[in-house]
Amino acid sequence: MTAEEKSILAVFADIDPAADAIEQLRLLGVHDDCMNVISGIPVTEAMLGRPSQWTNVPRLALGGAIAGFLVGVFLSFITPDMYTILVGGQPFTPVPPAVIVVFEMTMLGMLLSTFLGVFLDSYFPSYRPMKYIPEISDGKIAILIECPPPDEQKVTDLLKKLGAESVQLTEAQHL
Amino acid sequence: MTTELKIPEYKLAEEESGKWGMVVDTDLCTGCQACVAACAMENNIPYVGEEDAAYGRSMHWIRTERFWEGEYPEVRMTDYQPMLCQQCGHAPCEPVCPAFATVHSQSEKLNLQVYNRCVGTRYCANNCPYQVRSFNWRDYQDPRLRPEITILANQFNPDVTVRRRGVMEKCTFCIQRIHKAQDLAKSEGREVEDGEFTTACAQACPANAITFGRIDHPETLVSQLAHSSRGVHHLEELGTLPRVTYLKGG
Amino acid sequence: MSKQISRRDFLKLATAGAATTAVLTGCGPASRYVEREPYQRMPEYTYNGLSTYYATACRECAAGCGLVVRTMQGRAIKVEGNANNPVNLGKTCARGQATLQGLYNPDRVENPTRQNRGAALSGDALEWDAAIQIISDALKNTDPAGIAFLMGMAPDHLFDLVSDLAKAIGAPAPLRFGALGMFEARATLGRAAETMLGRSAMPFFDLANADMVLSFGANFLETWLSPVAFTRDFSKMRRGNPKRRGYFIQFEARMSQTASKADEWIPIRPGTEGLVALAIGRLVAELKGGSVPASFSSVDPLEVASTAGIKLETLEHVAQLVVGSQAPLAIPGGAALGQSNGLATAESVLALNALFGNFGIPGGVFLSPLSPNQDAYHRPASAREMTDFIAKMEDGTIKVLFVHGVNPVFELPASLGFAEALATVPQVISFATFPDETALASDYIFPDHHGLESWGYQRVVTGSSQPVLSGAQPVVSPYFNTRATADALIAAAQLAGGKFAEAMPFADEVAFLQGKLAALVGEPDGSFFAPEINTFTAYFQQHGGWWMTAPALSSPSASNALARTVSPGVAEFAGNGEFFFLPFVSPTLADAGANKPWLQELPDPTTTVMWNTWIEMNPQTAQVMGIDNDDVVEIVSEAGRVEAPVYLYPAIRPDVIAMPFGQGHTAYGRFAAGRGTNPADVLGVRFNEAGDLAFAGMKVEVRKTGKKPQVLSRLESRIGVYGEGMGEEH
Amino acid sequence: MADNQNRNGVAHDNGSHEEHFREKHLMLDPMPRGKMNEMVMDAMHTTSWKFWLVFGMLAALVAYALFYKWGVMILEGLGVAGVNRPAYWGIFLVNTVFWIGISHAGTFISAILRVFKAEYRRPFTRAAELMTTFGLIQAGFSIFMHMGRVWLSYWLMPIPNQRELWPNFHSPLSWDLLAITTYLLGSTMYLFLPLIPDLAMARDRSDGWRKTFYKVLALGFRGTEGEWVHLRNAMNIFAFAIIPVMFSVHTIVSWDFAMATRPGWSSTVFGPYFVIGALHSGMGAVVMVLAVVRGTMKNMKYFIRPEHFEAIGKLMLIISMSWGYFFFNDYLVQWYGGDKWTKQLLHWHEAGPMGWMWFAMLLFNVVIPWGVLWNRKWRSMPWLLFTVGLLINVGMWFERYIIIPISLTINRMPFTWRLYEPGIEVWLGIGTLAFFILLYMAASKLIPLIPVWEVQEGQMAHSLKKFGRETVVTVSELE
């Protein structure tokens, strides 16, 4: 998919017609991979009958948590040995305070990596031109057919028949 | 045949001895303030002026406390009680400092204050049960703010850092004197002898109420006095293991 | 104790450097000065990081304690006690410690100044040559009978020099005065010693060896006579003998710092101390059985108890304690003697000692030895003598007045009129180091060095059983353009020529000193032996003086004391006020400490007040009068009035008002001027039989001023110590 | 969340009944998304001269009270403040604890209520979450002001000095630093994630500098399936993870005190006591903010309705009761222990010169909230809740003031006891308050204060269902 290519963008006001349209398009031979749904509210894949989306966010979160845990361990058990200082008759590397440090660093690692995970998975930030129309943020559901469809006119007609508010050829533009 | 049960030697924290110790005989202390003045002169302690002094900001490293008992005519003043850093073995001030600015010396078994590492959170002072830490609330020693310091500064002890605003300080058991004595002893290839030097307060005390020395040597005067039956430790129940023993009562 | 040996070792180490320099370089003042250098620059004669220690004498009061001053790169860094000096044995008081703040005081007189009696330091600097010309002219052009010297209380080399000069030119002998001497009632002690102990000398109380001490107003732990020595002796009395702990009872209307260390504080009515002493004596004599001497039998203990405002049982209890003790000792002093019957009180207390049978035995009463190069005991002038002096100023007898080491405008009660009299003296030349009130009221100020920049010696009047001459030497070179008064006088006398030059045939101050020390050369029983004067002077500097190794106390006879009848009666009080007025010398500031910031910031031992003057009142009295802490009240006497904030002091008789002396300067530098008030402003012109001021013989009124309360700067917490703000019960 | 008014079974006319529901409940009063977008954008763009007046005054106040006065304090030292021995800590730490407390409400609403699917949260999660971030910024200011040598504060960061010396992790202040950093970063990220779709919405409806501003911030979000999935996953993780962080932050703040060997401070209940206290003041602050937003901003009466005040009021009542419980627990244990110093301290609290504050604290934190919030009608009144929220905040500030400088007066050395009298820190405290409001005002004009997509999602999920004669609200789970 390149930005120059034009794609069909069909805008629906409701979930039901959009779900119908996706089903019909699939019958028309438009592969799921060629379709993308853009919506102003989170519409689940199940509602639209779309295949499950893959996300790395939970894994990244776990990875971040582990990294944070290790940083916490480093801070509370390794750094005191680099320059040993006795305070208040406590051991150099006491466990109870370490629990706190390890906990905070684990959580920080997890939260940071979750946040970064969204960026990574969603390719944020991206200021390149993209296929989009502003009505989507009015709560509309748009189906974006990104592969050249088998029969452009037929698809357009079908979509219109199924209740699309508008069907248009869009090209990528600056948002 | 009986086997002798061997109990492993276990040392209570309380038995852990410090290296340097002090004994203050409150029966002898006359409250004369010579120790306070001597300490201020030795350690470049700033005076804060009337207003700040009235507001609890005076910076004496040692103060003589006294209370009243009863009412006139049966009124009695309690013994003067010089209060200074107790050089706790387990000092509550130490662990709470985030910058490691107050730490325990492993070699001298003293509670150190590292001025140039202090960022002024004042947590140590809050956590000091003896309230013997003083904070540089202002730049008391800055000649730009106090022109008289230009000339008064001639008496500054070059062995002691002059502290600026925002830094905590406290009694150090005159560590500069400890170091000097140790350096001298080392250069002469011997141990520091008891009584070879003493702290400024003990040196000045006209009543000989303050005795300073090695408390880890049983034969020194200070350790003998510290084990006297009149000896008490302040707030001992907190487990701070103070190195200053007060001799109380008649 | 092993400690003492090691301390001596320490001093040997410490003064070794000083000894060699002194012996090798001879003794001209200039040759001994070490220039101030930046700390980065290390001159070749110093070791990196090593200090040089000089032994000298403390000039903060007249006790004559020995000091060892640590210097570095020409700066005085720290004052320590001279462990060998028998007066203080290595110890110092707070004022001694703070002497450096006088040396490096920002408000010193920096140059010889034409002051012209202005309100502030004029800043009209002169050359020293011109200054010496002025002194010379004053000496030469004035009828010797019109030349007067007023000196500080310390019996030092300058006093000797001025005495010699005055004698040689036919001027009246110089007068020594100090507020401490006034509040100590030294003249009274001297007279009482004369009548009861047989000789006018300073009595010596062997506190260290006593086991039952009755003090009648003597504030010996504060400023009295030789406080460091007394504090050491007190410590020995308490703990010196492991078998017993000395017992201490103080009779005083207000709990002073000294009384606060007493096992029993008995607040008797002011002016009844003599009667109480006699009553105790009678009870003791009766308990012991045998005859009761006449002085004692004339008092009725029950009557005395009611006059003194205490219970008879208290006196009986004291008498029993005395009888049960081995070495009882009674000490008269302080406000007890500053009464109309002060002399009789002192005599009564000495008689009590005679009754105890403690004359000349350990723990008893002796006569202090004379200082090594002294012919007789010279006590400082009493207030009555000062009054005569003032009269001579007023009637024009005194044409030129030289003032050194004393600040009478501040120290004398205003009602004596010193300041007014001073204004009538045609020429006043001050040698003050600091711009004090008297110096500002002078025509010229030719500033002397600070004590630590000076040569000299100081005779020790009491405090040691050995005869002691404390030696002083400069520990640093003079910081400002000052000159030793001795040098200035020698130079002026030589400039004047004739009999003046003949009287002062010395090259400089040190030559004069050597002349005075010559008598001690070859003396065998001293702290050191030197065969000739230069070595003697070098050792004198190294040791910080010269003293006999053996005690030289003389034992008075008790028979005279017991035979004599004393009847102190009750003191008379001047004024119609409701309250007895009890001024006392501030233990931390004393008479001249107010210009040292660290002394100002030292909390008063009993009240913990810093930086101010206060008026002590019994809380019950204050409640009745509707007065609270920090309220500014006015004290009105027949002689004057003074204002200060109130401190509700729990340990003072309800009929007594007390106030510390030491603050209330109108000049004397930034730390002293305008701070607090001076109780001397309310003292009247009343004397006791010995000519001492009856400073405690006033009755005053206390008036509310309605002014904004002045919060006293206290170290103590009013919440924690007095429970303020803690509600009804805590 | 059904608000069932017809418990007595009296059936009303069906049509008016639904109308009634619609009036009351935002979730049952749907509006086209476009219309809602417009309303939110409109609210953001409409700025009256009054706004600028207040804004200017606050900006001047921030410049003077916060930055100028702080500069003075940095140059002169802490002597210009009221701290002394023994009250080494003063209003600086009172404010730190206070602002961290305020920040807890945002997380509570946007995380805990999200996890428990309390639907009424939807319109004001962002308003609350903004308080977290802005409150933490003020807490940061306050804690840095407190330091004697603030220019060396980087020494507390977990980085070594040239001798490999790291900070001391034994110190509760080090824990604090890590926890507050974690919380500030976490809550800011958590503020930002749900904001992305709204920023995209704003981007689509703006031009000029605002267009660029939103374009940059929206990161290129379009609302593709993948983006939503990643976002929702992340938000889920955040919602769960930020809760323990929130608890840890205020617990650790309480440990700054509880770790100390001081009478009154050394208490095991301080952790939860402080957390509840934080929520108490935080919820009070949320209602205040909501009342102001509703009262002053355009179109906000639609989004923020009495039902929200009613719901928060109920929470406030529960939290107030919990606070009372913890307070009593702490008090009782300290009292019963009978330690000499603790007894003095408790006495000092009540009978000392600041005893009025102790009683005012109980009045504002317990008596007034309980007296007002039990009544459904009363707690639906925005102005009344604003007042109660204000009083709770004053009361909670008093609580921290009592715990810190007033308790510091009493220690084991009665010779040093001294009352704390605030100095320049009053100005600095006012400065942080002004800065908080200023940031909030700026935010209200720069970012959509209402998470429109969440509101729309909620409206989609809500419906009315009849059970016999009774019409009830039902919510379907869309996620």
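A, B, C and D label the chains in the order they appear, each numbered from 1.
Here is the rule we go by: a residue touches a chain if its C-beta (ideal position, glycine included) is under 8 Å from a C-beta of that chain, and two chains touch if they have at least 3 such contacts.
If you're wondering where the values come from, they're calculated on a predicted model, not measured in any experiment.
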- Farthest chain from subunit B by C-alpha centroid distance is chain A
- When you average C-alpha coordinates per chain, which one falls nearest the overall C-alpha average? Tell me, please. B
- How many Å are there between the centre of subunit B and the centre of subunit C, using C-alpha atoms for each centre? 31
- Query: Distance-wise, how many Å sit between the C-alpha centres of subunit A and subunit D, to the nearest whole number?
  - Reply: 29
- How many angstrom lie between the CA centroids of subunit A and subunit B, rounded to a whole number? 63
- Return the distance between the CA-based centres of subunit A and subunit C, expressed in whole Å. 89
- At least two other chains touched by the same residue of subunit D: list those residues. 165, 168, 170, 174, 413-416, 418
- Each of the following residues of subunit B touches two or more other chains, namely 56, 63, 65-67, 92, 95-97, 100
- Note on the structure: Residues of subunit A that touch at least two other chains are 85, 87-88, 90
- Message: Building nodes from the protein chains and edges from chain pairs that touch, which of line, ring, star, complete or other describes the result?
- Response: other
- Message: On the basis of the stated criterion, which chains touch which? Give every pair.
- Response: A-B, A-D, B-C, B-D, C-D
- Within their complex, subunit B touches subunit D through residues 52, 55-57, 63, 65-67, 83, 92, 95-100, 117-123, 125-127, 129-131, 133-139, 165-168, 235, 238
- subunit D - residues contacting subunit A, complex: 32-34, 37, 158, 160, 163-166, 168-170, 174-175, 178-179, 181-182, 185-186, 189-190, 192-193, 197, 200-201, 203-205, 215-216, 218-234, 237-238, 241-242, 244-245, 248, 252, 453, 456-457, 460, 478-479
- In the complex, the residues of subunit B that touch subunit A are 13, 89-97, 100, 102-104, 106, 241
- Query: Which bits of subunit D are touching subunit C when the two form their complex?
  - Reply: 344, 347-348, 350-353, 355, 409, 413-419
- In the complex, subunit C residues that touch subunit B: 1-3, 5-7, 9-10, 36, 39, 49, 72, 75-81, 88, 90-98, 100-101, 103-106, 221-222, 227-228, 231-232, 234-235, 238-239, 245, 255, 257-258, 260-261, 263, 265, 267, 479, 587-588, 597-603, 605-606, 608, 610-612, 618-620, 650-654, 670, 675, 711-717, 721-722
